[in-house]
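Look at the two complexes coming up: chain A is in both, with chain B in one and chain C in the other.
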Partner chain A sequence: MSQELTHWLDDLLEEIEGIKVRRKSGRRVRADVPADTLPALLELLQGRAGYIHLSAISCVDWIEEDEFELVYHVWSYESHSLVSAHIRIAREPGVYLSVYDLYQPAGFFERDIHEMYGIHFEGSPNMEKFILTEWDGPPPMRKEFDSEAYVNEHLSWQEYNPPWLQELIAEGGGVIIPPEEQRFSRKKD
Partner chain B sequence: MRPENYEAQRHPPSNEFELNFGPNHPGIEGNYALKVKLHGDVVVEAKADGGYLHRGFEKLMEQRLWIQNIALVPRICVPDPSPMEVCYAMAVEELCGLDVPQRAQWLRVMQLELSRIAAHLFTFGGHAATTGMYSTMYWGVADRDLILDLFEEFTGGRVYSIYNIPGGVRRELPDGFLRRISETLDYIESRLPDYDNLFFKNQVFVKRAKGTGVMSQEQALAWGVTGPNLRATGLAFDVRRDDPYLVYDQLDFEIPTEAHGDAWSRTLVRRLELVESIRILRQVVAALPDIRGPIRAPIPNPLAWNVPVGEVYTRVESSKGELCYFVVSDGGPKPYRVHVRGPSSMHAVQVLEKMSVGSRIEDIAQTMFSLDACPPEVDR
Partner chain C sequence: MSSIKQIPVITERKGNPLARVFDEFVRFCRSRSLFILHYCTGCGAIELPPAMTSRFDMERLGIQPMVSPRQADILLITGYVSIKTLKRVILTYEQMGSPKYVIGICSCTVNGGMYWQSYATAKKLDEYMPVDLYIAGCMPRPEAVLAGLQKLMDRIHSGEANSWEDYFRNYDYYLGNQQKLFGENWQTPTDIITEAKHYDLIDEGTFGKHTQLLEQHQKPLEALDMRLGHDLKEPTE
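What follows is the complex of A and B.
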């Protein structure tokens, strides 16, 4: 990416209030913005700087700070550079605006984040379940969800002990794992 | 017994019926479903239904050491697993500031391009089968096997090679391997005219594929389409050239494009990419003997490895499109968050839903295979 374009992008981003821009490498720019100015930033990047490709929306659960971080990665086919716009929203109630009217791929990512983190995106076209259709537990990608504890609590580890194996063990063969070495506890009755 | 205010509702006959296309259907790639509403033979509405291959990779990766995840990531996309491990390894290297030795970078390019050829041959096979031409499928799978033989020899694994580690690659090449890779490339190249006669020039395929599943370049850009599907609409964009990683900026290759954006164009772009991949591999084979040195950078004890705080977004061009990893570290021995952005998360859901509408029922399978959608990438 040429130096001129870099300055041009910096000048453009200065128009946004409260923005912090950090250049990570020649083609990667990190921008931290307040949550309410993100749509304005994306509109500016898309309309005036050619960042027309929304590569992904990533969500990070910062449970200790009681916040979700949403990262919008937009790519420009003209300047061949990627801007990652970071925002923080409160973990409760976990509501944010949809950017579907700017970027259609957002529809998939917002639906995915809604399913995995429970964030509701206002104005998103489809918030139905997609991957976890038969799941009614808490959003599983949240940090407080401990998958191993959930499994130990809700599923029983089936003991596979058919007659042929019992015969084998009686003859001194087979593999016997003593209870204290078994990794998973069995479901408590 | 009816309530007093009951009034029978009469809808006009809609002549529409619903059809569950998948999750176990030869016309669907992997386990995936489309709920299709049909009017006669024409699709009026399609809804993608995923989740049959969800294994919770992103959660699992948060619970495993940085080094353990290398064995996990290739399983996200079965037909083209190598870009997954390279992309993840690149992310960890960037977080740690590791410099990957030159030789390792060339070996990674070799692995990626071999994987691309294998994935494209597999896709042609599946695509041909949707139009009833099973011979191409058998040929494609058989020729892919030759590449899997190469993988087995130099990485130890046929499908999931687990060849990369953060900092480089695991093994040096076996003796005489470059000669064997050249022989395989010569053989695959000699097979291409046969493939042309059997499949690409076959009127059964051409007539079915031309004009099927058309998208314009504007639509493709708006829908977030990447990779060969985007190049089939006439935009010459390739992450390998335009956001270069490894040593792709030192290699000479073309970016094939087609104009029409239909199933035929998309397949043709992949056919032309095979030639370019063979060309890249020949350059790698010619260059490798002169690139000496270590194959991995020294890394700390991988079982007690605290990766510095930070976040990184790495991209590679997989055989299906733009593959990205967003990795966040909180300075601990395990990743704090890994987000996998597979190209098919666009192609198999929103794009497929939109492109199926208006097409005939027999073209759905062809549309899906021509998009090269990989459901495990969507489900993760």
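What follows is the complex of A and C.
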């Protein structure tokens, strides 16, 4: 049964131009496609192969190659298999098409990616702030955002050995076991 | 025996000696009937159910969970405080009636813990509100939580746990740190300065440049319209 399905899926995927299919296991397929053919691939998978569930859209920032990678994970409840469609888009201007008209949950994923990476999805119903409602800095998941520098600028650190910790140690609390004694790998007999 | 030793002996006695007896009695009662509001921000919250329920049984110390901030005595903050959460924590803290105590559980409230370089979490809780006690650990066991609570009880009994007064006495410092994080237009729906006057806790640190900044753009606080039923308007088409 599953063998038949996989052959059938391979035949179906060959209809897309420029596609590279790699079968990672019996139930996982990775497909690399050019960015402009992704809507056609998703439409084919949804309409003719039963991949009706978009479980996630993930994003990777390849800063050295100046590209964003978007991964669309679609799941089929009939063949119990996952197809991950990978595309690459240019980092600047970072604009891509929304797949909201095919998969409605994409609205949330795209809004999230817009917030974290600053990619704009054309045709997505809502590009407002999602989780970081009170954030007005740059998109924080981009590789050029230096989180530690931001923390140094906006927040202050706890001092290394504050007086209340010294009080605790004097009473027998706090961390009084050095790592050499605590970790079994470093323990000496 | 140990608790008897801890009763402070006051050598100098002026005025009515019974007044001190009464204070002592009030502090004793206060330390033995504590209601905690657990603001479960992170993973430390998972240690509270065993601490509360039959195995470790917090209630034998007279400590019970409470549902609303206005009825609670202790604010337990159990884990990392993101900047978005911190706003809500401050609103909750300011709504609590005095005397109130804050306990920071887990390493994250002490120094950010494993989120030390995260742009989204505050690193030191005691910059934004006075903290009575930290229970460090990642995460502290229910025994540690109970030991911390017992220590707080002792401190309330001996009159040392008065950091809630510090919020009124040094309001400018706390407000300044809040403004640094939330912007200059930061305003809570609680009027701390009027409250400080009510408790007679105005000090040098109550006013400063940050409270001046607050006064400049402060929207006047209005009482909520108390009325039964819904006031929903019909949608206009």
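One rule holds for everything that comes next: the second predicted complex is superposed on the first by the 154 of 189 C-alpha atoms of A that agree within 3 Å, B and C clash if a C-alpha of one lies under 4 Å from a C-alpha of the other, contacts with A are read in each partner's own complex, and residues count from 1 in each chain.
Rule of thumb we're sticking to: contacts are C-beta pairs under 8 Å (C-beta built on N, C-alpha and C of every residue); 3 or more make two chains touch, one makes a residue touch a chain.
Just so you know, these numbers come straight off a predicted model, no measurement behind them.
Trainee: So in the superposed three-chain picture, is A:56 touching just chain B, just chain C, both, or none of them (first/second/both/neither)?
Mentor: First partner only, chain B.
Trainee: Which partner, once the models are overlaid, touches more of chain A's residues, chain C or chain B?
Mentor: Comparing touch counts on chain A for chain B and chain C gives B.
Trainee: Check whether A:154 is in contact with chain B, with chain C, with both or with neither, and answer first, second, both or neither.
Mentor: In the superposition, A:154 touches chain C alone.
Trainee: Of the partners chain B and chain C, which touch A:77 in the superposed model: first, second, both, neither?
Mentor: Once the two structures are laid over each other on A, A:77 reaches chain B alone.
Trainee: Given the touch rule stated above, what does A:23 touch, chain B (first), chain C (second), both, or neither?
Mentor: Neither partner.
Trainee: Contact-wise, after the overlay, does A:88 reach chain B, chain C, both or neither (first, second, both, neither)?
Mentor: Once the two structures are laid over each other on A, A:88 reaches no partner at all.
Trainee: Could you tell me if A:164 is touching chain B, chain C, both of them or neither one (first, second, both, neither)?
Mentor: A:164 contacts chain C only, not chain B.
Trainee: State whether A:132 touches chain B only (first), chain C only (second), both chains, or neither.
Mentor: both
Trainee: Figure out whether A:140 sits in contact with chain B (first) or chain C (second), or with both, or with neither.
Mentor: So A:140 meets both chain B and chain C here.
Trainee: Overlap of the chain B and chain C footprints on chain A, residue-wise?
Mentor: Chain A residues touching both partners: 132-133, 140, 147-148.
Trainee: For chain A, which residues count as touching chain C in their complex?
Mentor: Per the touch definition, chain A meets chain C at residues 132-135, 137, 140, 145, 147-148, 150-151, 154-158, 164-165, 168, 174.
Trainee: Taking the complex as given, what residues does chain A use to touch chain B?
Mentor: Spelled out, the residues of chain A in touch with chain B are 27-28, 52-56, 58-61, 71, 73, 77, 80, 82, 84, 103-105, 107-109, 112, 116, 130-133, 140-141, 147-148.
Trainee: Can you name the residues of chain C that touch chain A in the complex?
Mentor: Against chain A, the touching part of chain C is residues 83-84, 87, 110-112, 116-120, 122-124, 127, 134, 136, 180-182.
Trainee: Quick one: in the complex, what on chain B touches chain A?
Mentor: Interface residues on the chain B side: 48-51, 54, 56, 58-59, 63, 221-224, 226, 235, 237, 242-243, 311, 313, 315, 322, 324, 326, 328, 336-337, 339, 341, 345-346, 349-350, 378-379.
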